[in-house]
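Heads up, the next two complexes both have subunit A, just with different partners, subunit B and then subunit C.
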Partner chain A sequence: MTLSDISLFLQQGVLSGLSTGSVYALLAIAIVSVFKTTDVPNFAQGEIFMAGGYIALVLLAAGVSYAAVIPLTLVAVGAITALFQRVVMERVTSSKGVGVQFVIATLGLAYAIKGLVRQTGLGDTPRSLPALVSSDAVPIGDAVLTRLDIAIFVAAVVVMVLIYLMFTYTRIGKAMRAVGMNPRAAQIVGIRLSRIRMLVWAMSGVISAIAALLITPKVLVTPDIAHIAILAYAAAIVGGFTSLPGAVIGGLVIGVVENLVGLFISTNAIVVAPFLAILVTLIVRPQGLLGGKVQVKKV
Partner chain B sequence: MKKVTLDHVALLAAFAVLCVLPFVATGYVLYVVNLLMVFVVLALGMHVVIGECGQFALSHTAFYGIGIYTAGLINATWHPPFVVSIIAGGLLSAAIGYLIGFLALRMRDIYLALATFAFGEAMQWVFLNWEGVTGGSNGMRLQPADFFGLKLTNDLQAYPFVIALTALMLWLTVAISRSQFGSALRAVRESDVAATAMGINARAMKQAAFAISGAFAGVAGGMYTLFVSFIHPESLGFQTTILVLTMVVVGGIGSVRGAVAGAIFFGIISELLRQALSLQEIIYGAILMGFMMFKPRGLFADRKRRVARPVPQDGLGGGAMKGSRA
Partner chain C sequence: MKLSKSFAVALAATVVAFGASAQSDPGLTDKTIKIGMFGPLSGNSMAYGFDVINAAKMYYDKVNKEGGVHGRKIELVVEDDRCNANDLLAAVKKLVEQDQVFMLNGGGCSSAVVGAREYIDRMKVPLVMQAASGDGALYPPSRYIFGALSISQYAVGGSIVEFASQYLKAKKIGYINHDDAYGSWNLEAARFQAKKNGVDLSVESINPTLTDVTAPMLKIRAANPDVLLIATYDRPASLLVKKALELGFNKPIVITVNGTADTKQLAANVGNKDAFKNVYTQGLLADVPGGPKLKWVYDMYKSYYPELAAKPGHPTTYMPEGITPAKVIVEALQKIGPNPTREKLADVLANTNLDTGITAGPIVFTPTDHAGQKSAIYMKFDGESETLLPGVYRSSWTYAPIAK
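Up next, the complex of A and B:
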């Protein structure tokens, strides 16, 4: 491997990594925002994302135009997650559920979605969504990206900016942050906890659907794409698990690391890279990159 | 004289059924019973680390796999009596469990869950890619186990040994649960700070729980090699950990009879629905959500022994997974 090879691999790895990493970052934002406001580590994140891909596929197959498919998919996935929070999680919370119960309830949702998708038989013939952007090559430095890659990255960044604006300037966004900081105090100043939690879940569903719409022109939609959630989890942990900017940085880091591992070590090692990232982060710096100070539990 | 409880009656009835079974049941039924026993031991192992010690670990399948491969490889190489290979698998799993226990000293709750989850997935990757030892994605044939010259070639021959091992592990779990050591584990579960203040070595207790849990999973893996002749890493993934976690939680966290009942209940369900995978997943998902909504403490909630927790003040229902990572 010559020096110019290394330089080419580095450029290519970083640029493609930023593109896929931006999608991981979106999913990590969905995980972190739900965890911050409801204490629920959402183990169904991957399946919710997958549901987005399948809903879009079914709508397209039914002859709905692309312009209508996008909003319909977002609404449908948002409705599923909002309903899940309203019907299932609200009940689990009120019957004194704690971490283990939350995890198992979301795993229940994961199983149900996976089973429903399999039941429809759509998983048997993997398909991709047609791309809106051509996959013409665009050279950047020595590296080559497709226009699709760039569109994914730009769209993801736009969504992140919108999320940031929502959390910073809108009443709903501020209420969500308040619930994340101190639910009881938020309740006292008149914020309806159940409503905010439902909205956060809906938002996480919409973000997952966006991520699905962005990445599915590039990958085949199969029940297995739910595994992408592992990368999103790795991203959230690297970023600190309670920090939204951390989730973004974590997503980009994981995307780049994944690509560099693939280029420099072997494609076989890509699968295990996120787990090593999770383990190393938790052992070396359990609070993640932007997780704030380590808290001490009081008795 | 000791009081005869429902537990004794249930145990006696189970013993009677298990004695009669080999004379009336078909090979398939015996296979399912053998498999259920493996699940019982797996669930008991997870019960020790999650139920007794309160450490939320999701790496159980890794230890199960280590047990299977260790026992299988030792059996294929030296053909010792199967007891030797099972003990070796259990010990290796216990040793690795002890090492993984170091994670529990640094983190808790969701962070521990995710770190152990990552370890479990990394181990599956090792099983899949260490082709020289595990056969990689081709799987590995398991030689018939040997019992002092007698080859165990079918489910019927393995059955008595599987039952005996299960009984032994069940007795061990109850013994641990009733011992002072068990009380120490539960003290750590309720609050490791308070436990330390009482003079309990919380760090040692956590690592011991991980080691014991690993040993149970390793023995379960060894039991598996007695009646199954093929292992593929595909079956050693997160799914299996979730299945066992479900058994423990739906049965009732912290209760031995809950772990056993959960293992049998879900073992039968997953076997009944094996043919209809999608239906299995839907039903399974519905059961999980339903239980968490209406019976979150499981079928056999351990009410008697559970120490009162402080009532959560934030309206979120407990803080077992919230915040602290130190």
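Up next, the complex of A and C:
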């Protein structure tokens, strides 16, 4: 490998990794938001992401214009996740369910979504959504990104900033943080827990749908695309499962690490890289990069 | 002790009847021969089974209308295996044990059909596969299993390297495959063919679930091959063609059959016609879809299934692959004569050399190789239509058992 190859690989690996990693970061934010507020790791996040892609495809196939497909998809996915929280998760909560029961409920949602998607008649054929931005190449140093890559990164950053602002400066955001810190105390001061949880789930659904609409033109959607949630979980663990900024950093790290491992070690090792990142994090800093103090909770 | 006369007659009749039935395999009567068919008739993979089985049915029906095979009409029993190993094995067991079929003709999904190998070997029932390549069940060869009548993965890899070196005159080839069983099979034959043809092979193996193909495509570009061969499934193939355009890779790209089930969708997924300035696709049939050599197949389908043919998406891409094994079976049964047995069928099938006019090459089974079809055609794909190129390119790889 020559020096110019090394330089090219580094530049391209980092830039492409940031673009893909920003989508992992969005999904990681969705996972962390739900976890921080409800203490539940949502194992259906990948399927929710996939559902966003398929809802958009079905609407397009029905002749709806893409300008309308986008908001309709966001509303639909947000409604599905909010409904799931209201109907299923609240039932588990009121039955004094413990952690593993919530997890099983999310797994049930994952299987239900996958089953429903397979009924759409779209089969296993990989499909794309229309790209909102062209795929024309933009040279950056020795590397090349497309306008779509840049748009994905920018859109993801905008969403992350909006979420940060919401959590920091809005009443709803503060209420969500309060519920996450101490549900009983939040309830005492008049915050309706079920409403806040429903809103958090709706928000995580909308974020996942945004991620799907952004990245589907780049990675294509199939019923198996839900595996992308594994990368989002890796991002959340690396960044810190209780930290939204950590989820962002984790996502970008995973995206870049995947590419650099593929370029400098082996393409066979790309899929292993996120798991190695998880292992290293759990050994060196189990709470993640920005996860605060180590906490051990009984599930 | 004296036996009564009537008892002796009854005993003799029982012995004769038992002896007669012991000589006749299940699924055979004077008037019929029963064939068990199975494939994915429902679910996401039904493209590999639904119209494939329809094609086989229409061919068997044609044979029956012409008098059958040595006076016996072909009777079919069809089961849905849903393209998964558990359902396939259950379907095969039902066909063999409950329906008492003479032989099996089925299997559209390779990974599923492999799971039935042990049972079929144990029950000694001949199986001729349909659309499945079935490499995992064909090597090492089983006496009773015959497959890859579409094309084997080994042949996919060998043939595409042959095309790249002979037609595109490549000396250095970039090869992207999967790091699964399919990928290892096509790579083994690709390496064999490359060594035989004196060309260099630069390989990147990727996981089928890969989200970002920047790394493999950039490494291939850095290796500066004359041609890029893509032996991946549809989704990664689309992503690689797209990434090749983004990274300015303008050398010829050839995509194997693994990634070209639906070329229209491939073009839609890539989303830019410029990406197809130098793209070729591999085909395993004798002609391009809709071409003159296969017109009779599609006309036959339309006459047998007019309502289906009027629906969008029918017939499916793999439909002609149902006729090839049916032709092979009928020819084998004709050769055996009026007293077929399963063992005779296995022997005759193992010495098959039949040009069905449907696949790129003839179906050739030998006693040591039960993978039937090893050739492919190639087409230039411009993002809209495929243009057939001259020649048929055959893989040279042959199975060599591992020395103990």
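Just so we're on the same page, the second predicted complex is superposed on the first by the 293 of 299 C-alpha atoms of A that agree within 3 Å, B and C clash if a C-alpha of one lies under 4 Å from a C-alpha of the other, contacts with A are read in each partner's own complex, and residues count from 1 in each chain.
Keep in mind that, in the parts below, a contact is a pair of C-beta atoms (placed from the backbone, for glycine too) under 8 Å apart; a residue touches a chain by one contact, two chains touch by 3 or more.
Treat the numbers as computed from the prediction; the structure is a model and nothing was measured.
By the touch criterion stated above, A:118 is placed in contact with subunit B and with subunit C alike. Of the two partner chains, neither subunit B nor subunit C is touched by A:78. Applying the stated contact rule after C-alpha superposition, one finds that A:126 touches subunit C and leaves subunit B untouched. When the shared chain is aligned, subunit C comes close enough to touch A:219, but subunit B does not. Legend: residue contacts after superposition of the two complexes on their common chain; A:53 is shown touching neither subunit B nor subunit C. Shared-chain residue A:250: touches no atom of subunit B or subunit C.
Once the two complexes are laid over each other on the shared chain, residue contacts for A:270 go to subunit C alone; subunit B is not touched.
Touch criterion met: A:237 reaches subunit B, while subunit C stays clear of it.
Of the two partners subunit B and subunit C, more residues of subunit A are touched by B. Subunit A residues in contact with subunit B (one complex) as well as with subunit C (other complex) are 118, 268, 271.
For subunit B in complex with subunit A, the residues that touch the partner chain are 50, 56, 103, 106-111, 113-115, 117-119, 121-122, 125, 129, 191, 193-194, 242, 245-246, 249, 253, 277-294, 296, 313-326. By the touch criterion stated above, subunit A contacts subunit B in their complex at residues 35, 39, 41, 88, 91-105, 107-119, 182-184, 187, 193, 230, 233, 237, 241, 268, 271-272, 274-276, 278-279, 282-283, 286-287, 291, 294-297, 299.
Those residues of subunit C lying in contact with subunit A across their complex are 43-45, 47, 179, 204-207, 209-212, 214-216, 218-219, 222, 234-235, 238-239, 242, 245-248, 261-262, 265, 268-269, 271-272.
Interface residues of subunit A facing subunit C in the complex, by the touch rule stated above, are 5, 8-9, 12-13, 16-17, 20, 118, 123-128, 131, 135, 137, 144, 146, 217, 219-220, 222-224, 227-228, 231, 255, 258-259, 261-263, 267-268, 270-271.
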